[in-house]
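The following pair of complexes shares a single chain, subunit A, combined with subunit B in the former and subunit C in the latter.
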Partner chain A sequence: MNDMSRLERTVGTKNIKMECRDCQVYYGDTHAIKDVNVDIEDKTVTAFIGPSGCGKSTFLRCLNRMNDTISVARVEGQFKLDGEDIYDRRVDPVQLRAKVGMVFQKPNPFPKSIYDNVAYGPRIHGLARNKAELDDIVEQALRRGALWNEVKDRLDAPGTGLSGGQQQRLCIARAVATEPEVLLMDEPCSALDPIATAQVEELIDELRQSYSVVIVTHSMQQAARVSQKTAFFHLGNLVEFGETGQIFTNPVDPRTESYITGRIG
Partner chain B sequence: MTDATANSTGGTPGRNAGSLFDKDPRTRKRNAAETRFRMMGLAAVIFGVLCLVGLLGSIISNGVSAFSQTFIIVDVFLDPAKLDKDGDRDPDKIAKVTTFGYAPLIATAMEQAMEQANISIEGLGKKDAAELVSKEAPAQLRNYVLNNIDEIGETVRFKVLASGRIDGYYKGRVTMASAELDRNVSPAQLQLADQLKAAGLLSTGFNWQFFTAPDASDTRPEAAGLGVAILGSLYMMIIVLVLALPLGVAASVYLEEFAPQNWLTDAIEVNIANLAAVPSIVFGILGLAIFINMAGLPQSAPIVGGLVLTLMTLPTIIIATRAALKAVPPSIRDAALGVGASKMQSVFHHVLPLAAPGILTGTIIGLAQALGETAPLLLIGMVAFVREFPDGPPDGFFDPASALPVQVYNWTQRGDPAFVERASGAIIVLLIFLVCMNALAIVLRRRFERRW
Partner chain C sequence: MSVSIITLIVLGIAVLGFFLGRQRALSLSASSGKRLHSLPGYYGQMVFLFAAVPALLLMTAWLFMQPILIEGRISANIPDSVIPEGGARSLVMADVRRIAGGLDALIADSGMTETALDQMRADETDVRSQLGNVGVALGSDVPVQVFEAAKEYRASSKTGSLLMSIAVLAVCGLFAAWSLLRISPDQRARNVSEGFVLALLVGASLVAILTTVGIVTSLLFETFHFFKLYPAREFFFSTVWNPQFRGGSELGILPLLWGTLYVSFIALLLAVPVGLMIAIYLAEYASKAMRSVAKPAIEVLAGIPTIVYGLFALITVGPFLRDWLAQPMGLGNSSSSVLTAGLVMGIMLIPFVSSLSDDIINAVPQSMRDGSFGLGATKSETIRQVILPAALPGVVGAVLLAASRAIGETMIVVMGAGAAAKLGLNPFEAMTTVTVKIVSQLTGDTEFASPETLVAFALGLTLFVFTLGLNVLALYIVRKYREQYE
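Moving on, here comes the complex of A and B:
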């Protein structure tokens, strides 16, 4: 992917997958996210950029209710997935997380075999009726994670024995194996070298064909390379949200411009 | 610039203008302090090791002789005139002959043995010769006869225990000089023992009875064994394991993974930590009041001991388990939740298996602690003199039994010096059990860690 293509790139579908309105997040007394409104479109890569501690990851974790596990976190506002409020009392977060998968900053494969890592999600969600189907799902997921060729001969090897980049692709394959509709990625490349980063970015672009991908990144070049929409967060506020090309070439808000040109952040 | 040069040549602190090969005073001072600290640390370690060696040395030198035992071989004529006066071999009538009725048989057998071996010692009567044999021997004989009634009238070869003093003679505890002053043994008896040994009728062998026999009374230390105590300790460990492990793991998983963080869980946490520091005798009083007085469970029973030790071990297991759960990286929990596992799935599929080595180690350390615990058992009557073996589990949990550490305590209270040797021997057995359990903890830890 070269940087030129982003200008020509157009967003194919305008279906809104997730809709976030007036979102507030509090950590105890700290108001971490203030009045954020974001629409995440289907089959699109949306990038969240901004300086450290600006709330990008916090907001990302709201999208599949991972903040529920933090007892002091309090989330307000409307988060809708396909028009359904995901914070509704009737929603089981477990079911939600099967639809909204997540890849974390640090590669965190389970200390099990590569196969078991990928097969874990399909197993607990009952996606496969028998071993053959499960094998098939694992292979498909590993192929989509661009890892199949490297590990097909050692599926029984522990996932923790892979290199950092391979581990992260394994985590992506693991997330993909449960067939999510939205894939959240929290700085997936921050622990990777440039080559592994390039592989993951390539992967993200392929995943866009089937999923809506939301990626938090510290690297503005990465946001520019992989995303179609970009949201710039600063001190818990959503400063600017729009087409990636427009944000990077012609930002509306002076803060965005300062950040992109490296004056703040 | 000139000032700086002047300072450095003037040797002000903070700048070393001299050669790297010269140590400046600060460095020397620092190095000296480090050397002092290292010497003190080394001294502490050496002191600790010396204490341990001294302790182990004293226990082993005192106790290792408990594992060997002197036996006398006698051919006893099972005299029908004494055992079965009516001659009808009726088991009920034969059972009426008490242990005392068998003592003359052994006395006669000893006399015959001396005659056959041509041993005669001046001033040694038949009664004195019979005293070489343990007072436990008639009971052994009686048991044999009751089990083999048809052998009455025959001569049977028995390997009977030598009395504690004779046993002590061959272990160096009793000497000719001490026998002069001893009311229980005379030098003539020791001479007889020597001659019997020369004739091959007296021998020393490994003391299996030490592990299998029950406790014995004050006058027959040679017959005292750890059988009941080992069984009692084993029963208690089973109870502790079965109760404390699931309870402790369940409690810590709930507290660590599921419980909301509020004042109540904080209070529980503080209390568990405090509970671990409560003196064990307090648990004994609790057990006495609740399990025996209120619940009406029998005294001296392994079930009560096991329950009390469970209460004592629970905090240890909970603290170890919580530490092990805390040590599992949160990224694993996130990963499981991220692919849509429920909280319970993430705990049972990922967190608990990763924490298993820590939990196992904590449990085994807790068990080892419970195995060596004495104080609470004294209060619930485990210190009683128990010669009957408890039944097999689970009924045996309610039968009176002893426990290893209590047996040690018990034996150290007795007058006969032979019991000192027994007590040290029991300590060795207890230590071996503890070392085995700790080794098991290490092995299991290694095994599990390799698998994950």
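Moving on, here comes the complex of A and C:
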């Protein structure tokens, strides 16, 4: 898979979906993100790697303004989605999060049925006019989340009763159901076993057909397997950003090389 | 020897045992070259516990049993002739105890010797005035038999205490010596003290459980008496509450039960929505600074004595409701009304609901909120559709606890809703509740063994069953749904 995607990588330039310039994040007095510039391409998987506490999750949470819910966090700089500043006063963060969906580290299905979990977003945003349409959206989302065949007979069962891997795929289906343009994933596999991880990775690769995916991961192998672009963060700085193949085989910055070879981390 | 001196001696032996035990463990280990199984202190602790605990337990049991046994024997010896007409044997026994106490005082104060006391006769000396001199006033002259019984009571108590001192000290010494001799490096002294800790904890829980059992049995006993005097069917199904001092009362519980439920319902109607909204505000919207001010401020409400709430109902809420609502609408002109008591009680319950619900809402994992916000839900959508359903079992539990509190409330009802037992729908009318009637029936001056007084116990038991049922239901709901989001 790695070789194939490396071939694909060289084909054509893609549209820039999100553009981030001079980004700073402060948590109280701590300067958590310093001068980060990243372009996230459409229909591409971008991986953020780096040691714990380097700011990759913080930066990810800037992309859909989830940091707004933390009162001490302060964000500066330009974040553009399709050329529009998402921190502009006219932008409603709630609408933005419908466009830029998010999947979290720990599977967090709501204590509702599988169906209601997936239908949650579409219901809030009024995506379906009637029950039949909603059924359709739920089925499509569960198919996209590669979960349909496993749960189609028990849509009324509680989402919390699924296995860890199924729960995470349910969360992905739930995020997909609101038809986002960008999908943010914060270490989506860190709570999963290797088999569930493989399933989710396969799913991420399929999602790339329709969305721009940004994934934060601790596993360099995972970044190498699923992503086309990789950004390496260290101590709040973006050290290096480029084609995944190049970052892993021929890093420019010595810090990147040290991290990849396991000398810092 | 008095109880406190014995206790001190026992504790002294136990402390001595502690040091001896520790010393012995150390020297045994040194001489045999074996490592001690436990730290040396544990061996000392073991000797301490074996010396103190059985001896003190024996003393407690003895102190309980001795008066019962002695009184049983002496009261059987009192002839029926000295029991006054219409009086009870227990009243005579109370006299016996007081005379015995007086004789003790006589010896201590006026220097009378034991032999002089033995020769003293009720028909020859003026016992009443002698006892009066040492501060024990008796209502009438002492009959010979009662005086003799008192002397015997005194003598038996003295022998009893002497026997007790010997037995307690013997047990203390024997157990201390036995546990000292048993010490060896292999002995598991840690586990022994673990066992004592367990027994202590179980004992503490037993106190709570046995108290509940005691309360219920005493209620059951008197309720049983009541139903022997008054038909149960009338009590449970009659719609008239009309106690008479001369008998022939009608004691139907329905009007009281209706008043209780009506007042509680109004109270919950106010307390649940307001309390829940406060909880949501505090848990989800309020800033840290706001929360640290608002939460204690709201909990002040819980600290106000209910009698103060009652005053508030009596002089403020009641007249206000009468002048601005009841009279203009022509619904009555009483300042005590169901609505008054219900509203004031509702205010009292707000902190119960809000504080418990706040804790429960805070316990919903942050990942639920993140998940919902990440899908583009607003705060109130998240609360309505994710947080409240997840917190629902706990919230229901909080509401049911508040309900049992409301059902048991007395003072606010007395002062806010009045004391008239009525079945009616008009919330501006005075009504009353079960608890109020329990108070008024027990504090009236009717005879204790009459149905008018005993009905209080039947009412109490009914109330207890009601609140117990609510608590069980609350626990069941909380348990059944608790783990859903974990």
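Assume the second predicted complex is superposed on the first by the 252 of 265 C-alpha atoms of A that agree within 3 Å, B and C clash if a C-alpha of one lies under 4 Å from a C-alpha of the other, contacts with A are read in each partner's own complex, and residues count from 1 in each chain.
Keep this in mind: a residue touches a chain if its C-beta (ideal position, glycine included) is under 8 Å from a C-beta of that chain, and two chains touch if they have at least 3 such contacts.
Please read these numbers as outputs of a predicted model, since none were measured by experiment.
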Could you tell me whether subunit B and subunit C fit or clash when both sit on subunit A in the superposition?
clash
Using the superposition on chain A described above, determine whether A:130 touches subunit B (first), subunit C (second), both, or neither.
neither
Using the superposition on chain A described above, determine whether A:104 touches subunit B (first), subunit C (second), both, or neither.
both
Name the contact category of A:149: first (subunit B only), second (subunit C only), both, or neither.
neither
Contacts of A:209 with subunit B and subunit C, given as first, second, both or neither
neither
Taking the options 59-67, 113-121, 149-157 or 401-409, which segment of subunit C carries the C-alpha atoms that clash with subunit B in the overlay?
401-409
Starting from the residues of subunit A touching subunit B, keep only those that also touch subunit C in the other complex, and list them.
64, 66, 69, 71, 94-95, 97-98, 101-104, 106, 108-111, 120-121, 124-125, 171, 174-175, 178
Given the complex with subunit B, which residues does subunit A contribute to the contact?
64, 66, 69, 71, 94-95, 97-98, 101-104, 106, 108-111, 120-121, 124-125, 171, 174-175, 177-178
Can you list the subunit C residues touching subunit A in their complex?
287-288, 365, 367-378, 381, 385-386, 389-390, 484-485
Seen from subunit A, its contact residues with subunit C in the complex are 64, 66, 69, 71, 94-99, 101-104, 106, 108-112, 120-121, 124-125, 158, 160, 171, 174-175, 178
The subunit B residues in contact with subunit A across the complex are 260-261, 329, 331-342, 345, 349-350, 354, 452
